[in-house]
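One chain, subunit A, links the two complexes that follow: it is found with subunit B in the first and with subunit C in the second.
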Partner chain A sequence: MTAALVEKNNAAQPAARHSAPPPFSSRRTKRERAFDDVPRWQIYLPLGVYLLFTLIPFYWMLLFAVRPAGSTSLVPWPMTGDHFSKVWNERSFAVFFQNSMLVGVATLITTTLVALAGGYALARFDFKIKGGFMLALLCSQFIPGALMLVPLFEIFKNLQMINSLWSVVIAETVFQLPLSIILISGFIKNVPVSLEEAAWVDGCSRFKAFRTVVLPLLRPGLIAVGSFAFVHSWNHFLFALMFLSEQDKQTIPVGLNTLIGADSVDLGALAAGGVIAAVPVVIVFAFIQKWLITGFSAGAVKG
Partner chain B sequence: MTISKTQRGRAAAAVSLAAALALTATACGDDGSDSGTEGSGKGEITFWDNNGGPRTAIWTEIIKDFEKKNPNIEVKYVPIPIADVQSKYDTAIAGGGLPDVGGVSTAYLANMVSQEALEPINKRLEKSPLKGQLVEGMVQSVRAAAGRGDDLYSMPTSANNGALWYRTDLFEAAKLEAPTTWPKFYEAADKLTDAKDNKFGYTIRGGAGSIAQALDAAYGQSGITSFWDGEKTTLNDPKNVEALEKYAALFKKTTPAADLNNDFTKMVAQWDTGTIGMLSHNLGSYQDHLKALGEEKFAGIPAPIGEGGTRVQVSNPVDGLGLFRSSKNKNAAWKFIEFAASHESNSKWNKAAGAIPANTEAAKDPWINETEPTALAAKALTDGSTKIVDLPYYLPDWNNISKADNEPEFQKLLLGKVTAKAFLDKMADELNAANKEWQELGNG
Partner chain C sequence: MAHSAAVATPPPKGKESKRRSSTPRRLPYLLIAPAGLLMLGFIAYPVISVFYYSLQNYNVTKPWRNGFAGFDNFTRIFTEDEQFWPTLGFSAQWVVVQVTLQLALGLALALIVNQSFIGRGISRAMVFSPWAVSGVLTSTIWILLYNSSTGFSRYLADAGIGEYGTSVLSDTGTVFWAATLAELWRGVPFFAILILADLQSVSKELYEAASVDGAGRMRQFFHITLPHLRDAIILATLLRGVWEFNNVDLLYTLTGGGPAGETTTLPLYVANTGIEGHDFGYASALTTVAFVILLFCSIVYLRLSKFGGDHK
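Coming up: the complex of A and B.
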C-alpha cells in the first residue's frame, strides 16, 4: 500500500503542476516587474565576461593540446594528436586513467553507502551526543588532509595497504564522509517520517521501508553526494602521491605532476594530460547538473 | 520518532575506538631511523626518481642495462614529481617506506641528512672503481651541502648551470652584441623593449624560485665571491644592494608586468612563445627552446661577466643518488648506484638531460661539445674563469628562508614596496641567525 501511495504521489505531482497554476503566477511581483525593466545587456554582458574568463583557460589548454610543438598559432589549426598519443601511450596515462576511475568509482560507492547510513542515523535517531557528533563532523572539515598524512601512512603500512588503491579510497572516503553525512541527513529529514511509519504498518522492516520508500526520494541528494565524492577523489593528488609508490598504481593528478620537470615542461603533453583529466569531470557535470543543483539547494538549508 | 542508543551500539563504538587506538599505537616500521642491512646483493630494490616523468625514459633504459648486467637484481622504478619529492621523502622518513636508492639534490640534502635518512658512502666509494672518477667540484658541493664534514651522503651524478638564453634573431635585427657582460645585458634589455608592441628585452623570475636568480644577478654584478665573511653573510653588502637595485628596476621597464608571478614554467613558456630578448634559466630548458624556436633563433651562454672581468655566479644544486640507511639490501643498492654513476650510464643520462656529467670520463665525451650551451657551461665551470658563490644549502632553514620567507618579499621589491637594501638586510639577518643556530648545534 505504501509503495503504491508513494507512486501515486509521484504520479500526481506532474499533473498537479499542469492543472493548478502556482500561486502568484497570474500576478507578477514588483521585483519581477523591475527585473523585466532591466536592459538585457546589463544581464548578458557580465555573464558574457564571466563566461569568457571561465572558458579562456579551457581554450588555452585545448589549444596547447592539439597544436604542434613550437606553434604559436592562436587557433587550433593545423591540429595534431601527437601530445595525446604521447601522454596516453608513453607516459602511462592509460594506466593512470584506469586507476583514477577505479578510485573515483569506489570512493563514490563507499562514501554514498556510509553517508546514507550515517545520515539516516542523524536524521531519524536521537542520542545524547548527537549535537557533539554534528559539531565534530563540522569541525573535521577544518582538518587538512596533509595533517593526517603520517598517521594514515602508518596505519595503511601496518595494514599492508601501501601501494594499494584501497588506501586512497579509504582515505578519500574518510575525508569526504563528514560533509556527505551532513548533506544526506538534511535530505532524509526532508522525507516525512509518516511515510516510513506507513510502510512499517504494512509489515516492512526498517531497512525495507528505507529502501523502498525513502531511498527513491533521495535521488538528488545521492547524485550530489556521489558526484562530489567522485570529482573530489578524481582530482585529489596528495593521498595518491603519498600512499602509492608504484608506477602502475599512480593516478591522473600524480601523472600530471610528473609532466612538470625540474627545469623543463612539455606544455603540449601537459595540456593533453589536462584535457584527459578534465573530460570525465566535465561529462559527469554535464549529465548531473540538473540534479546536482537541486540536491545542494535542498540539502543545504536543512540542519 | 525517537529511538535511544542501545548497549550493543556502545559496545561497537568502544571496540572500534580501541581498534583504532591499537592500530595507531603499534605503528612502526622502516623509517629513517632503521639501520637496514647489507643484504645478499640479489633480489629487488626500489629506486625513487626525484625528477620523475621527464627522466623516466632514460632511467628505464639505464635500469634495463643494469638488470641485463646483474640478472639477480631487479630495480623497481618509481617516478616522483619534482615539486613534491621533498614531502614524499619527509613522509616516508616519518612513516616508513623509504626506497633503497633515491635521487637527491643538494638543495634538500641537509634536510634528509639531519633526519639520518641517508648513509655516508665514503667507505664504499674508497673501494669502488669510481674512486677518482668524479668531478671534484661536485663532490665538494655534495659534502658542503650535507654539512657533516668530509662525509659524502650522495653519489653526485650531474650538475646544472645557469645560462643566459638570448634570441639571436632579435639581437641581429637590433645590431646588438651577445650579452656576455652585464653592461651589454642591460643595453640589450633596454633596446629590445617596445612594450606597446608587446616586445620585451628580458623576462624576470618574480614567482617561485626567484631568490636564486636574484642572488645570481646580485653576486654576478658585484663580483663578491664568497657568501660568508666570517660569521656574517655578504648578502647585504652595499655592492650587492646596488646590483640588485639595478636588476629589480628592470621589472615592468624591460619585462612584462606578468613576470611578478613567474615561476620557471611560465617564464620559459613566455620566452619560447613570445618576443622577449633574454631569459635567465639553467641548461635544463634547452630542449624546450629547441622545440619552440628551432636551432637558428636562439643561443645560450654562461652568466654575463662583471665589470671586474670575472664571471661570478651562485652555485647550482648538484643532483645525485643517495643510499638509504633503512635499505634491507644495501649491497644491491650500491651496485645500482655504481652502475648509474659509471662512465657509460652517466654519459647517457646527462646527454638526455642536457646536464653536466659528474663522471670525469663522461665529461670528456664528444656529445658535450655538440651542444653549444652545455659545452660553454662545462667550460665555464672547469676552466677556472668562473668563481662560484656557494649558497648555504647545508642550513636546515635555507629552503624556508630562500623560498617561503622571502619570495613574497622579492615580489614587494619588484613592486617598489620595499627597497633592495631592506630586502637584503632582512634576508641577511635571517641567514645569520640560522647560521649561528646551526653552528651552536656543533656544525661547521
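Coming up: the complex of A and C.
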C-alpha cells in the first residue's frame, strides 16, 4: 500500500502543478465557456440553499450572544456586551482562552519542527527503516485517539503530568504528526533537489542550504500544516477534558462543555462562549483559505 | 529522487569534509528520531499496553481482583455485556450514514464551487468555514438552534409549523437525525475541500474532447470526473470513516450518549467504562475489539474498492 501511495503521490504532483489554475481566478477563456456552459440557476440555487444551511447556525449563535437576556428578537438589535463580560470574567473564559492559546501555539511549534525534520528525511534520503516508518505513519491514521484515552491517561499519570498543559500539547502533537510528516515530505519533494545541490556546490552546508533554499519555498506548506495543528489543538476536547481537571488549567472546549452541562443552561452566556471559541479559528481559517486548495492539490493528501 | 539526493552530496572542501562524509548515513535517523520516539512512546506503547491490559483484571476501585484474567474480559464482552452490541450497532449506523451523506453533499458542493461564477471566492470561504469549527462548538451552536424554548423550532411554531416545546434532542425518535444534521454541517466541508483540490488536476482537454464528441455533462461526470476522483474519494471516505467512528466530541456534548443510551458509540462507551468506571482492564478489552473491527473493515474496504489499482 505504501509503495502504491508514494508512486501515485509522485506521479500526481507535476500534473497537478501544471494544470491547476489559481483557485480564485474566475476568468474564463471563450474556449472554456463553450463547453462549460452550466445554466446560472443550477449554480446559484443549490449554492444559496447550502449557504443558508451553513450560515444560519453561525447567525443564530451571534444573535444569542449579543441580544439581551429574555429578548426574542430575530435581529441583533439592541446589542449588549453583558454575555461576553459574564463568560470572560465570571466563567473564567479569560483563563481558558489563555490556556487554549498556549496549547495551540506550543502544538503548532512542536508539530511543525518535528514534522519538518521527519518530512525532510523521508523526502531526501533512502534509509533502511524508511519503508517501515512510512507504514507506521499510515497505520497510525487508523488508530482512534478516543480509544487511546485510557492508556494515555495512565502514562501521563505515571509521568505526573496530569493537570499540566504539556500533557495535552504532547498528545495533540503526537496525533498530528503522522499526517503533518506526510504532508511536509510531499511539499519538500516538490522542491527540486538540484536547487539544494547548487547551494552545496557554492559551499553551503546541508543545513544552510535547507534553510536558505528549501525553507522559503516551503512557506505555504508550513503555514497549512501549522494552521492545522493550531486549529486541531484549539478545537480538541477529549484530551483536555481527561488530562486537565483543575479549573484554572482547562481549555475553551472544556469550558464550553461546562456551560452546556450547567443545571440551567444560560443560552446567552453559552453563545458568547461559542463566539469566543470561534474567533481565533475563523481568523486562522480566513488566513489559510487560499492555501487550502492549492496545499491539498499539491498531492500530499493522497499519500 | 531521494536516492540521488543522498548520493549526490558534492565533494566538499576543507574542514567540512569529515562531517559531510559521516552525516548522510546517520542524518536521516537523527531527523526522524524525534517523531519516531514520540510515536513509540505515545502511540505504540499505549497500543501495546491496551493489548496487555485487555488480558488483565485491572480496576482501580477493586484492586483486590487485579491480576491475569485470560480471555475473561472478551468472553464478557460477547456474552454478558448488554451495552456492547447496541453501541457497536449505533457506531456502524453513525459511520455509514455520516460518510455517505457527507460524501454525496461534499461532492455536489465541490462540483458547484468548481464552476466559474461571480462571487465564487467568498462563497467558497463561507461554505467551507464550518470545517474549522470544533465538535464542542458545533454542539454549542446546535443546542442554541434545537433549544425548545428559544430555538429554531419555536420560531417555526410561531409561524404555524410544528408544535411548541418539542426538543429534538430528548426524543429517541428524532435525536439521531438531529445529531446527524449537526455533524453534517461540520463534516461536509472536509469532503468538499478534498474533492475540490483533486478536481483542480483534471485536465481541461479531456472535457473539451468529450464535449466535441458530443458527450453531455452527465456522461462527462461519470466517465471523466468520477474516475479521476476515485482514489481521493476512497481514501477520504476511509479516513473519514475512522474519524467518525472515533468522533466523541460532538455526541458527548450534544446528547451525552442519551437519551437512554440511544446515541452511545463504542468509543464513548469505552471512555465511560475506563475513565468514569475505572475499569481499565475491561475498557482495554473493548478497545482491542474495536481495533480489530476497524482494521478488518478498513482492509475489506480497501480490497473491495481496489484502491490504487488500475481502473482506467
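Here are a few things to note about the model shown:
The rule is simple: the second predicted complex is superposed on the first by the 262 of 303 C-alpha atoms of A that agree within 3 Å, B and C clash if a C-alpha of one lies under 4 Å from a C-alpha of the other, contacts with A are read in each partner's own complex, and residues count from 1 in each chain.
As a convention for this text, a residue touches a chain if its C-beta (ideal position, glycine included) is under 8 Å from a C-beta of that chain, and two chains touch if they have at least 3 such contacts.
None of the values given here were measured: they were computed from a predicted structure.
For the composite obtained by superposing both complexes on subunit A, the positions of subunit B and subunit C are in clash.
By the document's definition of touching, of the two partners only subunit C reaches A:Y44; subunit B does not. Applying the stated contact rule after C-alpha superposition, one finds that A:R124 touches each of subunit B and subunit C. Of the two partner chains placed by the overlay, subunit B and subunit C both lie in contact with A:T72.
Judged by the touch definition given at the top, the superposed model places A:Q141 against subunit C, while subunit B stays out of reach. Taking subunit A as the reference chain, the count of touched residues is higher for C when subunit B and subunit C are set side by side. With both structures placed on the common chain, the touch criterion links A:L222 to neither subunit B nor subunit C. Shared-chain residue A:A171: touches subunit C; no touch with subunit B. Looking at the shared chain after the overlay, A:W200 reaches subunit C, while subunit B stays out of its contact range. In the superposed model, A:N235 lies in contact with subunit C only, and not with subunit B.
In the superposition on chain A, A:P151 contacts both subunit B and subunit C.
Of 42-50, 168-176 or 222-230, the segment of subunit C running into subunit B after the two structures are fitted on chain A is 168-176. 72, 124-127, 149-151, 153-155, 193, 197, 242, 257, 259-260, 265, 267 are the residues of subunit A that lie in the contact sets of both subunit B and subunit C, per the superposition on chain A. Remark: subunit C residues 1-6, 8-10, 12-13, 16, 20, 23-24, 27-29, 31-32, 34-36, 38-39, 41-47, 49-50, 53, 105, 108-109, 112-113, 115-118, 120-121, 123-137, 139-145, 147, 150, 152, 155, 185, 193-194, 196-198, 200-204, 207-208, 211-212, 217, 231-232, 235-236, 239, 242, 245-249, 252-253, 267-268, 270-271, 274-275, 280, 283-284, 287, 290-291, 294-295, 298, 302, 307-308 touch subunit A in the complex. Against subunit C, the residues of subunit A that register as touching in their complex are 1, 4-5, 8, 10, 12, 15-16, 19-21, 23-24, 26-28, 31-32, 34-36, 38, 40, 43-44, 46-47, 50-51, 53-58, 60-61, 64, 72, 74, 113-115, 117-118, 120-127, 129-130, 133, 136, 140-155, 170-171, 173-175, 177-178, 181, 189, 193, 196-197, 200-201, 203, 205-206, 231, 234-238, 242, 253, 256-257, 259-260, 265, 267, 270-271, 273-274, 277-278, 281-282, 284-286, 289, 292-297, 299, 301-302. Against subunit A, the residues of subunit B that register as touching in their complex are 1-5, 23-24, 26-29, 46, 48, 51-57, 76-84, 87-88, 91-92, 94-97, 99, 160, 264-265, 268-269, 273, 281-285, 287-288, 291-294.
Interface residues of subunit A, counted against subunit B in their complex, comprise 69-70, 72, 90-91, 124-128, 149-151, 153-155, 157-159, 162, 193, 197, 241-242, 245-247, 254, 257-267.
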